[in-house]
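Next up, some structures in C-alpha cells.
One chain, chain A, links the two complexes that follow: it is found with chain B in the first and with chain C in the second.
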Partner chain A sequence: MTKSIFVDTTICTACRGCQVSCKQWHDLPAEKTKNVGSHQNPQDLSFMTYKLVRMREEIIDNHLQWLFFPDQCRHCVDAPCLATAFNEDAIYQDPATGAILYTQVTKKLAADEIIGSCPYNIPRKAEDGTLAKCDMCNDRVHNGLKPACVTTCPTGAMNFGDREEMLAMAKSRLATVKAKFPKAMLLNPDEVNVIYLVAFDPKYYSDYAVASSGRGGISRSVALRKMMGPLAKMMRV
Partner chain B sequence: MTNHWIDLKNSDCILIMGSNAAENHPISFKYITQAQLKGATVISVDPRFTRTSSKADIYAPLRSGTDIAFLGGMIKYILDNNLYNKEYTENYTNAGFIVNKNFGFKDGLFSGYKKNEEGPSMGSYDKSTWTFDMDEKGVPVVDRTLANKQSVFQLLKAHYSRYDLDTVSSVTGTSKEDLATVYKAYSATGAAGKAGTIMYAMGWTQHTVGVQIIRTMSMIQLLLGNMGVAGGGVNALRGESNVQGSTDQALLWHILPGYLKIPSSSMDTLDAYNTKWTPKSNDPLSANWWQNYPKYSVSLLKSYFGEKAVKDNQFGYPWLPKAEDGKSYSWFDIFDSMYKKEIKGFFAWGMNPACSGSNAQKVREAMGNLDWLVNVNLFDNETGSFWRGPGMDPAKIGTEVFMLPAAASVEKEGSISNSGRWMQWRYQGPKPMGNSRPDGDIILELGRRLKEAYKTDGVFKEPILNLKWDYDTHGEFDAHKVAKEINGYFHEDVKVGETVYKKGTLVPSFAFLQSNGSTSSGNWVYCASYTEKGNMAARRSNKDAANNIGLYPEFAWAWPVNRRIIYNRASVDPKGRPYDEKDWVVRFAGEEKDGKYTTSKWEGDIPDGPWYPLQNPDGTKREDGRHPFIMTTHGHGQIFGPGLADGPFPEHYEPIECPVEKNMFSAQMVNPTAVVYGTKADSHATCDPRFPFVGTTYRVSEHWQTGLMTRPQEWLLELQPNVFVEMSEELAKLKGIANGERVKVSSARGALECTAIVTKRFKPFKIGYATVHQVGIPWHYGWRWPETGTEESANLLTPSAGDPNTRIPETKAFMVNVAKL
Partner chain C sequence: MKLNRRDFIKISGATAAGIAVSGLGFDLKPVKAHAGMLKTRYAKETTSICCYCAVGCGLIVHTSNRGDGRVINIEGDPDHVINQGALCSKGSSIKQLTENKNRLTEPMYRAPHSDHWQKVSWDWALSQITDRIKRTRDANFETANAKGQTVNRTTRMASVGSAAMDNEECWVYQALMRSLGLVYIEHQARI
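The block that comes next holds the complex of A and B.
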C-alpha cells in the first residue's frame, strides 16, 4: 500500500533533528559550511543532503513569522522525474511503498533534465552526474520502521503511514489549523506522497514549496512516451 | 521542576520566559504542542524572537535584565483587577500573616541594610525585622481576610503599586499593549480549574537578581493558585540530562546531599549544627517537614562513615569539612582564589571552565597559577590545553596537566535524574573506548590511593581513613552499591509499629530514617528509590495513575517518595476536593459520616503526607489536618519570603552593567547585595560609551554546553559552523554591518570575532526616550575546534558578578560593543 509522509509545518520548531537523522541513517558526510547570516545550513539540498529545514523570516500581516519548511522529495504519485528518465534501472517506484527511488544508474541520465523535470527542485547531482535525493527510508519502511526523520521528530510535525491515513490526518489538521491561520493549506495533496500543511501562502516558505508552474512537469517527448505506455518501455524509446 | 515534563500537556497557559525551550529543550515541545492543540495559550517573552517565539500564541520582547519589572507589573495587574485566586491565597499562602511593624522598605532598600566595603559582596541585610507577629502560643497571627494594613497582602500591594504599565514599559522596553496582553492571558489562570505554568532556565537564573526573578514568578503562581496543580508549578528546565541529580547530590558548595546545609566552623558540634538548621513551629497544623533535619543529617553521616560513625564521636560530624563563617566557596570564589595564587591543584571533572566560566580569560589565566591540573573528560578541551591557547605563552606556564579520559554516559550503568526529578536507571551500552574509564572507577581508585597515602602520613587523617569506601564489585565501581547507599540501610534492627526492619536491609522510605544512628541514607530525598522491592528507577511501566494526567507512577521513580507533583495538597480545597475536577492530581477518598471524615485515604499522586484535609465535608476544622506547603516552617506558600539575601519581596535593580543611568524604581541602581569581584581581570563598564549595547548569551539546538561533544561532530558543525552575533537590522545599519560579515564583539573584559546575523528577530528597545540595542551570542564555541581556531567562547565577554544567594554569574545581561573588523 502506498505510504505517505504528512508534514505539519505549523508545529515544526526547526530543531533539525530530521536533518541530522537523515544524514545518520544514510551515512551521508557533512558539508563544509559557513554561517552566511542565517541559522539555515547548508544553504541548499545537495548530493549529500537529502533533507533541509529551510528557515525564513517574513513579515506577514504586520507580524514577524519565522517559517520552517523541512524540505525533501515529495515522492510524487505520478513522478515527472521517473517519466523523464524513462529508465527503471535508474529511477523507479517501489510498488509496495510508492517511494520514488534513484539508483547509481542515474549517472547515465541527463542529470539537468531530470532535475529540471522536478516541480519541487529536489534531485541533486554529484560531480560525476549521479543523482540523489530522499528515498523515504525505503529500507527502514520495509523492515517495519518509520523514516528516520519521522522517528526523530519531537512534536509530531513529521508523520508517516498509509496514504489514506495521512491524507485524512492532513485534512483534519487543516480544518483545525484554519481557525488560527485562515490561509492555511495543504500543498498539492493529490499529487504527492509527502504532504505539507502550511499556515501562510507557500511562497513565503520556499521558492518550490508548491509545484512550480515555471518549471518541472514533462516535455512533449516525455508525454509521448507516457502515452505509449508499456510499449514505449519495451522499446526504450 | 515542581511538576514534570509530561505535565506540561495539562496546562492552560504556558509562559516561556528566561528559557528558549524549542531550541534548548526540544522534546518539551512534544508536550507543549499537545497542550496547544487542546487550546492552551503559549507565551514567549524573550529579548529576541526565537524558535520558541515562532510557535507561541503571544510574543513580547523585553530588555535583558528587566524580568522583575515585567513580573512585578503582572503582580500589580493581578491585584488591581482582583484576578488572584482568593480562596487559595487566603488559605494556603502567608498573604494573611502580619509582618513585624519595624519591617520597612525605602527607595530600593529593605530595613536592616549594611554596606560591605571589603567585597566581593556589596552589602548584606540584618533580617531581624523581616519577621511575622506571633500569638501567645508562638503561632503566626493570621488575618485570613487579608485586610490588615500590616498583612503580607497589603504590603505586597503597596510594594508593587509602583510597577504600573508606564514605568514597567519604560524599564523593560516592552510596549504597554504587549505587557497588558501577556498579563491578561496569564492572569486568566487564576480562575478555579485553570492552570498556568512557567518554563524558565538560565535566562532567569544568570543575573545578579536571578533568584528573585524566580521568586517573583513563584509569588504569581501562589496568587493564581497554580502551585501543586496539574499543568502548573514553577519549572526549571535543567541544561544537562543529570544536572538535577548532581544538584540533589550537592554539586554546589553550600549544601550536602538532599539539600542539607554545609556546616560552618562556628557550628562545632553536631547538636549546634542540627539546632541551627532544624526549624521550629508551634502550629499543630504545620507539618514543618524540616523538623526531621537531624534524622537526615545523622543518616548522611552514617552513610559517609558507616560503622565508624557512632554516638560518642557525633557520628563523625567533626570529620566533615567546615566552611569559614561568612565565606563563600562558589565557582567564582574558586577561580578568584586561583587567580590570586591561593589554590595549587585543581580537578576539572566533566567541565570546561576555560569556555563555560564567566569572564573566561580570568579563568584561563588563573589556571596558569596552578601547580597541577587534572582534566577528566571525554576529550581534550580548551581547559586541558589552556596553556597553549590564544595569548598564552607555554614557556611561562608551570602548570602540570594530566588528562584522564572518561567514559561517555552511554558507556556505563547508573541513573540520571531529569528536570522533573525522575531518577531513571540506564544500562551500559557499548564498553568504554580505549583506556577511558567510568567516572565512578576513577573516583574509587583516587579514594583508594588517598586512603593508602594517609595511612602513613598526612594531617587530620580521620575523615579520609574513616570514609566508607566499599562501592566496588570485583574491583570495579558498582552503580547498584552506590544507589543502595544513597537510599540507605538499617544499621540495627528497628521496630516501627508492629514491623521489625532487620539490620542490613534497605530503608523503605525517609519516614523510617532515625537520628540515633540506626539508619543510614546518602541522600534522604532519594530514600525509597532502591528498596528491598528492587531498583525503582529501573521500572518501565506505561500504566498511568487513576487520574490519567500522565504521571506514569511506575515508570522510573521521582523524588520525593515517587511524588510526581510537589505540594499537591494545594491542588484540593480545604475539604480535600480537587479545584480541577478534570485534571485532578490528588483527592481525598476517606469515608465520611455525619459530615465528618472518619478514615483517611488519598487517591491519585502520592499526596504530600497522609494527613486528613484541613476541614470536614461540613466545613468544620480538623485538628489532624495539615497546611499544604509542608516544607515551609509555617506550612504556607511564602509570598513574603524572609529567607533570601536580597529581600522578602523582589525588587527591580539594573544589571551590574546596564545601558541606563537611572533605575526608574528607586535610587538604588543595582542589587545592593550583589557580588562583584575586584581583581584587575574583573573590570566592569556601565553606561560607558565604549560599550553601548546590551549583550546576552544563549544556546542553540545544534550544540551542547561548551560544544565539546558537538563541535567535533561534523553533522552538527554543519548546522552551526560559526560563533555568531545576532543583531537588529537597525543596529547593523547604524554600524554599517552586512549580514554574514565577520565582526568584533568586545566588552570590558575581552573580545571575540563573530559572524553577524542581521535579523528582524531582534528589535531596538525604546527605554524611556532612549533607543537601546541588544545583541546575543551563543556560548558553545572554543578555540580547540573547529580547527580554524577562530571560533571562541562568548564567555570571554561575560562579567564576574553574581547573585548574592547563589553567586551564579550575570551572563545574561552585560554591555558590549560591536564593530566591523
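The block that comes next holds the complex of A and C.
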C-alpha cells in the first residue's frame, strides 16, 4: 500500500521545523537570503530547498489572515513529470511507497519541460540542469521511520501513514474544521499523495496550491507517449 | 534480516528468474535500490537535550562510529516524554552547533574602540575575564545601602545570557553570579 502525507494547514504555526529538518536530513546547504519584509524565507523552493513554508497575509471577509502553507512535492498518484520525462532511470515511482523519485539522470532531461509539466510548480534545476525536489524521505520510510518533516512537526499539522488511513484522517479533519471555516477543503485528494487541508480558497495560500488549469498536466504528445509506453518499452529492451 | 539456506536459494532463484525474464523483453519494474541505506545505519546513538529554550526537548544524536566520531544527524527523540520526536526549526538545526565551517573554534577578542576581532589564547582570554571581573567588583562593591541595610552587591556588572546553556549549567552559573554579588542577571529563556 502506498504512503501519503496529510498536511492540516489549520494547525500549522509556521515554525518551519519541517523546512529545517528537511535540510538537515538531506545535508543541504543554506540559501543566501535577504529581508524582503516577510517571515517567509527563502522566497522560493530551489535545487537545495525541497520544502518551504509559504506565508501570506490576506484580507478575507474583512479579517486579516496570516496563512501558512508548507509547500512540497505532492507525489502525484499519476505524475505528469514522470510521464513527461518518459525515462525511468531519471524519474520513477517507488511502487512500495508511491514516492516520485528523481535521480542524477534528470540532467539529461529537458529541465524546463519537466518543471512546466508540474501542476504545482515544484521541481527545480541546478546549474548543470539536474532536477531535484522532495523524495518523501524514501530511505527513512523504507527503514520504518517517518519523513523528517513529519517526525519533527510539533503541532501535528503534518501526518504520515498508509494512503487510506491518511485519506480517512483528512476527511474527518475536514468535517471538524468546516464548523469554523465553512470554505475549508482538501486539495486534489484523489490525485496526490501529499494531501493539504486549507481553511480558505487555496488561491490565497500559493499560486499553485491546487492543480491549476493554466499549467502542468499532460500534453497531447505526452498522453500519446504514455499510451504507447508499454509497447515502446518492450521495443527498447 | 536472517536468512537460512532455503530462503537464500528462493531469493537468488527469483532474482535469476527476474533477470532472465527481463532479458526477454517483458516490462519489469526497473531494478533500483529505492531505499538505499540510512545514513545513520551504523552510527552510534546518544540521547541529549536541546539547549535552546526552557522546553527541554529530547534529541537523538547520531555520531560516526569510525574515524573522527563527528555528528551525522540529530533529530527529535520519539521516546522522549516532552517532545515525542518533535523539534522546532531552531532545534532541527542543532547539528550546526558542531558541524558548521563558520563556527568559531578559538576565543576572539575585540579591544575597546577597535573595529576588528583578533584570535587570542584561552589562557589569555580567561585570565583577562577573571581579572576584569575581580577589579570591577572590588572597586564597586557595596556592603550596605543608603539605609544602612547589609546588601553585599555590585550594580556595575550585569549578566545577560546564555541561550546555549542548559538547566544545570544555568544553576551553576547563577550560583557563581550571586556569589560575586551581581543582582542584574538575565537569561534568554525569560526574554
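The rule is simple: the second predicted complex is superposed on the first by the 232 of 237 C-alpha atoms of A that agree within 3 Å, B and C clash if a C-alpha of one lies under 4 Å from a C-alpha of the other, contacts with A are read in each partner's own complex, and residues count from 1 in each chain.
In this text, a contact is a pair of C-beta atoms (placed from the backbone, for glycine too) under 8 Å apart; a residue touches a chain by one contact, two chains touch by 3 or more.
Since the model is a prediction, treat every value here as computed from it, not as a measurement.
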* Identify the partner contact of A:D139: answer first if only chain B is touched, second if only chain C is, both if each is, neither if none is. => second
* To do: Identify the partner contact of A:E57: answer first if only chain B is touched, second if only chain C is, both if each is, neither if none is.
  => first
* Is A:S38 touching the first partner chain B, the second partner chain C, both, or neither of them? -> first
* To do: Look at A:A148 in the shared chain and tell me whether it touches chain B only, chain C only, both, or neither; answer first, second, both or neither.
  => second
* Asked: Which holds for A:G17: it touches chain B only (first), chain C only (second), both, or neither?
  -> both
* Asked: Between chain B (first) and chain C (second), which does A:D89 come into contact with in this model arrangement: first, second, both, or neither?
  -> second
* Could you give the residue numbers on chain A that contact chain B in one complex and chain C in the other? => 15-17, 19-20, 23-24, 154
* Structure fact -> Per the touch rule above, chain A residues touching chain B in the complex are 11, 13-17, 19-20, 23-24, 29-39, 41-42, 57, 59, 64-68, 154-156, 176
* Contact footprint of chain A on chain B as seen in their complex -> 22-23, 26-27, 29-30, 33, 36-37, 49, 51-55, 700-702, 714-722, 724, 738-741, 755-761
* Touching residues on chain C, where the partner in the complex is chain A -> 22-23, 25-27, 29-30, 32, 34-39, 73-76, 78, 83, 85-93, 95
* Structure fact -> The residues of chain A that touch chain C in their complex are 15-17, 19-21, 23-25, 88-89, 92, 94-97, 99, 101, 138-143, 145, 148, 151-154, 230, 233-234, 237
